[in-house]
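Before anything else, here is the set of structures, which you'll find just below.
Presented sequentially are two complexes of chain A, the first with chain B as partner and the second with chain C.
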Partner chain A sequence: MEGKIETQTMDAMPEGKEGSSVKIKVLFFARARDLTGLSEMPMEVSSGSSAHDCLNDLVAKFPSLEEIRGCLVLALNEEYTTESAIVGDKDELAIIPPISGG
Partner chain B sequence: MTPEEKTLVEILDEHNPIDLARYINYVTAPQAGAISTFSGTTRDSFEGKTVLELRYEAYKPMAIRCIKSICSSARSSWNLHSIAVAHRLGPVPVGITSVFIAISAVHRVDALDACKFVIDELKASVPIWKKEVYANGEVWKENSEFLERRLELGKKDGVGGGKDVEFEGHHRKGCCGAKVKVNGGGVANISTSHGWSSELE
Partner chain C sequence: MESNGRDAFRILHELDSLRAAKADIDSRISALEAELHHATLQNGVVPNGSSPVISTAIDSLLSDHHDHNLTPEMIHRYSRHLLLPSFGVQAQSNLLNSSVLVVGAGGLGSPALLYLAACGVGRLGIVDHDVVELNNMHRQIIHTEAFIGRPKVKSAAAACRSVNSTVQIVEHQEALRTSNALEIFSKYDVIVDATDNAPSRYMISDCCVVLGKPLVSGAALGLEGQLTVYNYNGGPCYRCLFPTPPPTTACQRCADSGVLGVVPGIIGCLQALEAIKIASVVGEPLSGRMLLFDALAARIRIVKIRGRSSECEVCGEKSTFTQQQFREFDYEKFTQSPLSPSPLKLNLLQADSRISSKAYHDRVANGEAHVLVDVRPAHHFKIVSLPKSLNIPLPSLEARLPEISSALKEEEERKGAGSDLSAQLYVICRRGNDSQRAVQSLHKMGFTSARDIVGGLESWAQDVDPNFPTY
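And now, the complex of A and B:
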């Protein structure tokens, strides 16, 4: 994803720190899936965005997620992550509402 | 692990019953004098409401990774021979097993303690969800063990951190509005080891 910075503006992109963006995949499980109506979706965010930034974008897009925001956790590429982690191109970000296995 | 010590982790797709004998056979070994098992089964009621079934789903690849990590952690804390963990997905009717753990060891104390550790850790950190289905509605359940651990999960050692993991004092009552929190799980607990001891209140 390094390389040329295109002059074209990306749709719905806030101005990135480096003017470039990364594409990630977002997964929704259980209550998060019920609230968004989606089990997964692609998402484009500015380079250098954190998992927290991604979550903010998601809550803006799906305001109903606010309901579980205080109790969910995030996983990046199949591992639990802090919200400060920076997402990279092709990363998989999972929205994990309270689990209830067993 | 020596070559004959084995770990088996399986997340079973819907309509595949858990074959308890298969997992017990898997961990059976001549050098192991003890096999401890835990079976979590669908209970018929929750707070007076009749439960028809539980419906499970998982973030499957991550769930398998998490369970394997818990098994490694158990091996680092106890002297174990083999471990088998199975969790079902999809609908699980009343009385039927949704999660099963079998652990063999030379001596029983290791097998018993590790078995309790594995189910407790599974409930706290493995991305699996269940919806409780009643005659007149349904609700996503929330494990109290997860809510206690939530803030630790993103940090290192948040998963399967060993038997001396300390819970920080976040005794939340559940944080998703009016939804029901599960104390001790939505499953009845049948175990050859300890009784259930994870309830908060």
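And now, the complex of A and C:
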């Protein structure tokens, strides 16, 4: 019950104080690694940001990521997530496109 | 010469006497075995028989005393499995009664097939339509040099039989299509996807959903690998995870991007492991989880993936995907890539903007003033290149135009010595696709006479210099 009350209180407040942000780590796999040239990258987003917002930021930074945007698995802290999930401080967001080779 | 003859005579004589001694020892071994055989029959003692003579003799004894169907030879062959408390007689018996189909006898399929044959799967099917090539050998360890040019299925089947002649090996020497997949898959309990292209992966997953078969899916490229089990215990299918196929540009192949041989080897071994777990009904198969292998960082991550999607077009609640629809589905159109990946052959240019490798060779031989730009990536250029070619990788072409201009000018000065001769500009790449793209942009940027060499370095090797290395 307590959890519920807390959530409601949070919802009643304006989302994320101005200027507050969270630091996350983005992990790139397979084609995402080729396109960005990175295997991981720290990223700062405003608190309350969703995985979707993070992806938008990433595509803005690396436009070629658009190529795989429609075909990837997102994992937040090693668990499947949807784009609507809110990222928290120190979270790990993994971007996993499929590999076809063999 | 004389002493050589004497040596040969001495050696032949010694060989004769050794052979005689060996025959004597063999007959004494047989006599002792027979004696032991009688002794065990009388005393009811079961030796841990390594001799086939004894094993066959005590078959009846074993079948009388145990409630499993393992023959003495099986007990001996699989003894290390039987000794595992968490595997044992039950799991081995399950394995021996199971059938596994491996689609693809390449980098993933090689170790998967060898382990599946060795471990005692009852029936093991192999699907492949390719032939063994020299540039397969660094990773497709099931094949030997003697099989180069021959079907991979034949080669893989021979290797599996030589590892374990008691396993039934079934050869499906054909490309997997919607027309034959249902019939082939329906004969097996577990399917292993060891293919190398997107349309096959969708087709195999859909076929497994339609037939209700567990699918052990592995993939490897470069220095990374992925592994998961689809369509098992309420877990997702391939389409639940990837409802939209990747764009063709994102579908890389080992033939283009390269792969460290041992990487598919590791994933293929893990595929064998997952198939063994499912077939023998032990442990927790990798369903609802995906293993990500990063060879360079020496790191394995296991990520929880989504469960079955109720929205999935093939396995979802509302789905009505039937065998008939499967047969009619166009996987090549769906993924916009061919089921049997062959090198892309673009045709972007007019004929007068192209030149054959032979014609180019003749012009070079005639001393024509020209510049040859090689637009392959730098690490390709390091493997092999034509003499005096200038390496400007395609992505940096625009930024490095001044280099081309000055190379042309230099060549004109060198050859022309004052006359207003203009040097020709040729572009080459590995297979003749990127060279066309490069010539297209060169035309736009004012180099209107630029031409590409049809078929690239591969055609050079084929039509001009057979000793030129191909990769």
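Miscellaneous remarks
One rule holds for everything that comes next: the second predicted complex is superposed on the first by the 80 of 102 C-alpha atoms of A that agree within 3 Å, B and C clash if a C-alpha of one lies under 4 Å from a C-alpha of the other, contacts with A are read in each partner's own complex, and residues count from 1 in each chain.
One rule holds in what follows: a residue touches a chain if its C-beta (ideal position, glycine included) is under 8 Å from a C-beta of that chain, and two chains touch if they have at least 3 such contacts.
Every value quoted in this text rests on a predicted model; they were computed, and no experiment measured them.
In the model built by aligning both structures on chain A, chain B clashes with chain C. Legend: residue contacts after superposition of the two complexes on their common chain; A:67 is shown touching both chain B and chain C. Contact with chain B, but none with chain C, is seen for A:83 once the two complexes are overlaid on the shared chain.
Applying the stated contact rule after C-alpha superposition, one finds that A:102 touches each of chain B and chain C. Looking at the shared chain after the overlay, A:46 reaches neither chain B nor chain C. Only one of the stretches 276-284, 348-356 or 420-428 in chain C has C-alpha atoms clashing with chain B after the fit on chain A, and that stretch is 276-284.
Touching of chain A by both chain B and chain C, each in its own complex, is seen for residues 29-31, 34, 67-68, 70-71, 73, 75, 78-80, 94, 96-102. By the touch rule above, chain C contacts chain A in their complex via residues 104, 106-109, 194-198, 201, 218-222, 224-226, 241-242, 244-247, 249-254, 257, 259, 264, 267, 290, 292, 294, 297, 301-306.
Contact residues of chain A toward chain B in the complex are 27, 29-31, 34, 67-68, 70-71, 73-75, 78-83, 85, 94, 96-102.
Those residues of chain A that touch chain C in the shared complex are 29-31, 33-34, 39, 67-68, 70-71, 73, 75, 78-80, 94, 96-102. Contact residues on chain B toward chain A in their complex (touch as defined above): 40, 56-59, 61-63, 65, 87, 98-99, 119, 122-123, 125-131, 140-143, 146-147, 150, 153-155, 158-159, 174-177, 182, 185-187.
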